[in-house]
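So, here's a batch of structures to check.
Two complexes come next, and they have one chain in common, chain A, joined by chain B in the first and chain C in the second.
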Partner chain A sequence: MRKRHIVLTLYIVFLMLPIYWLLNMSFKTTNEILGGFSAFPRDFTLDSYRTIFTDPTWYNAYINSITYVVINTVLSVAIALPAAYAFSRYRFLGDKHLFFWLLSNRMAPAAVFVLPFVNLYSAVGLFDTPWAVALAHTLFNIPLAVWILEGFMSGVPKELDETAYVDGYSFPSFFVRIFLPTISAGIGVAAFFCFMFSWVEMLLAKNLTSVAAKPIVAVMTKTASTSGYELGLLAAAGVLTIIPGAIVIYFVRNYIAKGFALGRV
Partner chain B sequence: MNKTVNNKAWWLVLPVFLMVAFNALVPLMTVVNYSIQETFGNNEFFWSGTTWFEQILHDGEFHASLRRQLVFTGLVLLIEIPLGLAIALCMPRQGPWVSVCLVLVALPLLVPWNVVGSMWNIMALPDIGLLGKGINALGIPFNYTRQPISAWFTVVLMDVWHWTSLVLLLCYAGLVAIPDAYYQAAKVDGAGPWAVFRHIQLPKLKHVLTIAVLLRFMDSFMIYTEVIVLTGGGPGSTTKFLSIDLVQKALGGFDLGPAAAFSIVYFLIILFLSWLFYTLMMREEAR
Partner chain C sequence: MALELIEIAKRVGADTHIHPTSLVLPQGSFNVLLGTTLSGKTTLMQIMAGIQQPTSGQIRFNGRDVTHVAVQKRNVSMVYQQFINYPNFTVYDNIASPLKVAAMSKAEIDRRVMAAADLLRLRPMLKRRPSELSGGQQQRTAIARAIVKDSDLILLDEPLANLDYKLREELRDELPRLFAGRNAIVVYATTEPVEALLFGGGTATLHEGRVTQFGPTSSVYREPKDLVSAQVFSDPPINMTPVEKRGSQLQLLGGKVWPAGSSARSLSDGRYILGIRPHHVTPLPPEAPAGELEGRVLVTELSGSESVIHLDVGGATWVSQSHGIHPFEVGAHARLHVDIDRGLFFAANGERVS
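Up next, the complex of A and B:
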């Protein structure tokens, strides 16, 4: 028993060290960072954070990122819901093929799609808007949401549907008033994964935007490459990108593990 | 669950079908188009058949990135799958610590991929980073911008940091789902911890392990952002994996044809290897 605790603690320390180092850097002055190695900030400063919250390039980038992540999450989950219901309740022409075709999109490298996406979204006039990124991310988020939701829905007995129809519910009112509340945990998990994959993705987000809708990841890479000495700023921006994830994870902690296990390959 | 045959269900699937088709088919057609044509600008295209495919398949650079990719993915799978499983076995099953551990363990998954790169970049700096300084202090020369071995070590360690938790969470979910009756039966039979693991836990985990191996295989085969931020594919091109090579070809030059042929070969390799993993593991499971 003892040994288990030690292994687990070591692993968590290993996970936390880089995050601590990032925090540590974000509270240091540039001089101290370049001055040499120190395990904790000697001249504690909030300057890096102050820059981010006052410079519109920085805080707008956060707003842009959150905008497309939210659009993507809402869109993916909303249109995946009826499809997942169809997959879990009915057999129809080509259902299995369709399901595997959807999942195969999860295997497509984003690098393959960069160039065609830029062409496609320029052609429909969405380039450099949050919509372009949100729609592009649905390529891998919709299949994932369908997969997770289908797993949860299959766990709900069919008698629930039948009883509701006998009681005189129409399909839409049954779906919204009875079915959705029953699988709310599943919706939470699906939304969590859509949020997560949209929030962490950079290649598409960066290349589908130029000025107006520039996401935080793009601003950060620019800082990283043009001025290597602004490490403090980079670290502070990094810390701020971890916070939304940490908040979301806290709310769904009890469902995360379940979400994976219930899906099927 | 027995399902009713009902072709009207297509109406429910239609929005998903249209969305994914718009996003997947149009770009794929563009890529296929480019891959078999030659252009001299002005939007004029000429049929070029399989020229680009032959060029890519004989391209030494492509072979080198493919080899690096296979070694990287192999290493990552060999470390992350056993480690994730081992730590899942150490996780508490009940009590107040469960949610604390889950939140802490899941945290790396929520960090944007470029931040993961920056974080390890800062962490591994040889003079002011905790890891770089630490290794140098042990008397081992370490500089990931100069030495290929240090760069590989950092890239693999970063991926282990980033993704082991995914394997861990999957295995944990599988472990929690094993009914207590199995453990009680094992106790009655006087089975030790190893026997419990070998004959109860491992067989029950086969399904989630299949998912874990597949997900880790696909995602590590597509790795781009973390590595580009950490090493930029360097030193030289020692950490240039397939996605990095492809993006350089597609966005850097105007070699649309070769880049498109590259994309198709790349995608087919992933599909083929995923299918192979899946069939092999399913056969094992059926046995």
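Up next, the complex of A and C:
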């Protein structure tokens, strides 16, 4: 009994250590971080956080990130809903191949798409806007959302659709008033996965923006700035980046396992 | 006033789901579709409702062609085997939903929902969600939603199949009462011949996408048109054996000879298939002339008041169903009696001749 506790405790410590270290660093001054090893901040300071919330280059980076993440999530889910409904309810020519092909889109590394996207978005004037990143991320998120939603939708018997038609509902009114609430857990999970991917994705976000729409992942990872090393500041930015994800996870925690199984539990 | 199916057929790709079928279901009638799983009951009902379109043929309601009228405009209700309710609505809103779609006044909706809820004893559950109800209550909710809107056509697709025994009996007793006095055409699909017999009304026997017979339930049962109808409408399965009629005698396989019985009197000599329902094979001899069966007991099923005995007679299995407890030992030698007067005779092509 005790042995099991030890293993579990060690594992959790192992998991939490980097996050603790980040938190620890964020309350230290850069000098202390560079000065030597210490498990607690000796000169506890909130300066790093103060800088982030007052310096526009920092807080605008958060606003940029949140903007494209929200656009992307809304877009991905909105487009995936009718697509997933078609895959779950109708048989059409090549449906199974198309369905698999969608997911295979995710198997290509994002780096492959950087060059065409940069060139394309520069040509149409989308470069360095939140829309550029949001649209680029839909390439990965729509297939994922379709797969997750299709799983949840297929768990709803098609007799529910038929009953609604028999009761007199038109298709749009059935879809919005009955079907969407029925699969609300699935929509939550799909939105969560889109949010998370878009929030943590760095390569496309970094390369499709330069100044105006620079996201937090790009700002945060530039280790040196004009004023030298600012490790405390970067650590504080890291902590603030974890928080939105943690909040979203809290809301969908009961459905996440089902989401990882793409709704097929 | 009636629902007419005129030469309705349904093909999907190369498969024929429904062979051309014509049926007339009069208003206020209770009709049973009886057939095994995959016999086409659900497809036929969905075509009646307008959820599926027939490949060919016409559907008329009160003389009007409704073949291509959308299901929303047909004024039908449907109850499925699975308990289908709107999970995000309360029981009240579930029952009220067809009325709300029809934009009925609030007071009228309330009056009707309450009446339906009282009929189905759902009054205490009105504020709950379907997931908080037992299976029986969920199905009651679905049935309440089906009867609340005065449909012209109410379709029940094996509504009791997923309920446990006790609830099934209970709801089965209530069902005819729910539809009595309504002017709706009720269609009830089931795999169980017993349910068809209990509900009376009309019965259509279905087999592999074909309506083999349609008529008043008791006459379909007593006077099956052909072998398939008799097989569909018999539980336990009907016994069948080839016989040759010679004068007043029936020659069976293996050289056994039975008296021809009253039902075979008008038949000319020749080869037939004899069908005997299990309850006409009994351990005690009937008063009328009887045939005898001797063989080895394979299975004995004893319920509270009746016995079902499976007997192996020279390689063929015969089933007997009789009142009272007849505890035959499995493997023992037994003798059963066949009430030959009740025998059904079929020609080689399956058509019933007597």
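One rule holds for everything that comes next: the second predicted complex is superposed on the first by the 249 of 265 C-alpha atoms of A that agree within 3 Å, B and C clash if a C-alpha of one lies under 4 Å from a C-alpha of the other, contacts with A are read in each partner's own complex, and residues count from 1 in each chain.
Keep in mind that, in the parts below, a contact is a pair of C-beta atoms (placed from the backbone, for glycine too) under 8 Å apart; a residue touches a chain by one contact, two chains touch by 3 or more.
On a predicted model such as this, the values are computed, not experimentally measured, just so you know.
Peer 1: Mind checking chain B and chain C on superposed chain A, clash or fit?
Peer 2: fit
Peer 1: Let me test your reading of the model: by the given contact rule, A:T57 touches which partner, first (chain B), second (chain C), both or neither?
Peer 2: neither
Peer 1: With both complexes superposed on chain A, which partner does A:V166 reach: first (chain B), second (chain C), both or neither?
Peer 2: In the superposition, A:V166 contacts chain C only.
Peer 1: Looking at A:T182 after the superposition, I want to know if it touches chain B, chain C, both of them or none. Which is it: first, second, both, neither?
Peer 2: Only chain C is touched by A:T182; chain B is not.
Peer 1: What is the contact status of A:I249 with respect to chain B (first) and chain C (second): first, second, both, or neither?
Peer 2: first
Peer 1: Report the partner of chain A that touches more of its residues: chain B or chain C.
Peer 2: Partner touching more chain A residues in the overlay: B.
Peer 1: Return, as a multiple of 10 degrees, the angle whose vertex is the Cα centre of chain A and whose sides reach the Cα centres of chain B and chain C.
Peer 2: Placing chain A at the corner, the angle measures out to 90 degrees.
Peer 1: Looking at A:S122, would you say it contacts chain B, chain C, both, or neither? Reply first, second, both or neither.
Peer 2: neither
Peer 1: Using the touch definition from the top, say if A:S210 reaches chain B (first), chain C (second), both or neither.
Peer 2: Touch status of A:S210: no partner.
Peer 1: Once superposed, minimum distance in angstrom between C-alpha atoms of chain B and those of chain C?
Peer 2: Comparing every C-alpha of chain B with every C-alpha of chain C, the smallest gap is 8 Å.
Peer 1: Indicate the residue numbers of chain A shared between its chain B interface and its chain C interface, in ascending order.
Peer 2: In chain A, nothing is touched by chain B and also by chain C.
Peer 1: Which of the residues in chain B come into contact with chain A in the complex?
Peer 2: It is residues 1, 3-10, 12-13, 15-17, 19-20, 23-24, 26-28, 30-31, 86-87, 89-91, 99, 101-115, 118-123, 127-130, 133, 161, 164-165, 169-170, 172-174, 176-177, 207-208, 210-211, 214, 218, 221-222, 224-225, 229, 242-243, 246-247, 250-251, 256, 259, 263, 266-267, 270-271, 274, 278 of chain B that touch chain A.
Peer 1: Can you name the residues of chain A that touch chain B in the complex?
Peer 2: On the chain A side, the touching residues are 4-5, 7-8, 11-12, 14-19, 21-22, 25, 33-34, 36-37, 39, 79-80, 82-83, 85-93, 95, 98, 102, 104-117, 119-120, 135-136, 138-139, 142-143, 146, 154, 158, 196, 199-203, 207, 216-217, 220-221, 224, 231, 234-235, 238, 241-242, 245-246, 248-250, 253-254, 256-258, 260-261, 263, 265.
Peer 1: Can you list the chain C residues touching chain A in their complex?
Peer 2: For chain C paired with chain A, touching residues are 46, 49, 51, 70-72, 76-78, 80, 82, 84, 86-89, 97-98, 101-102, 142, 145, 149.
Peer 1: Using the touch definition from the top, list the residues of chain A that touch chain C in their complex.
Peer 2: Of all residues in chain A, those touching chain C are 157, 159-160, 162-170, 173, 178, 181-182, 184.
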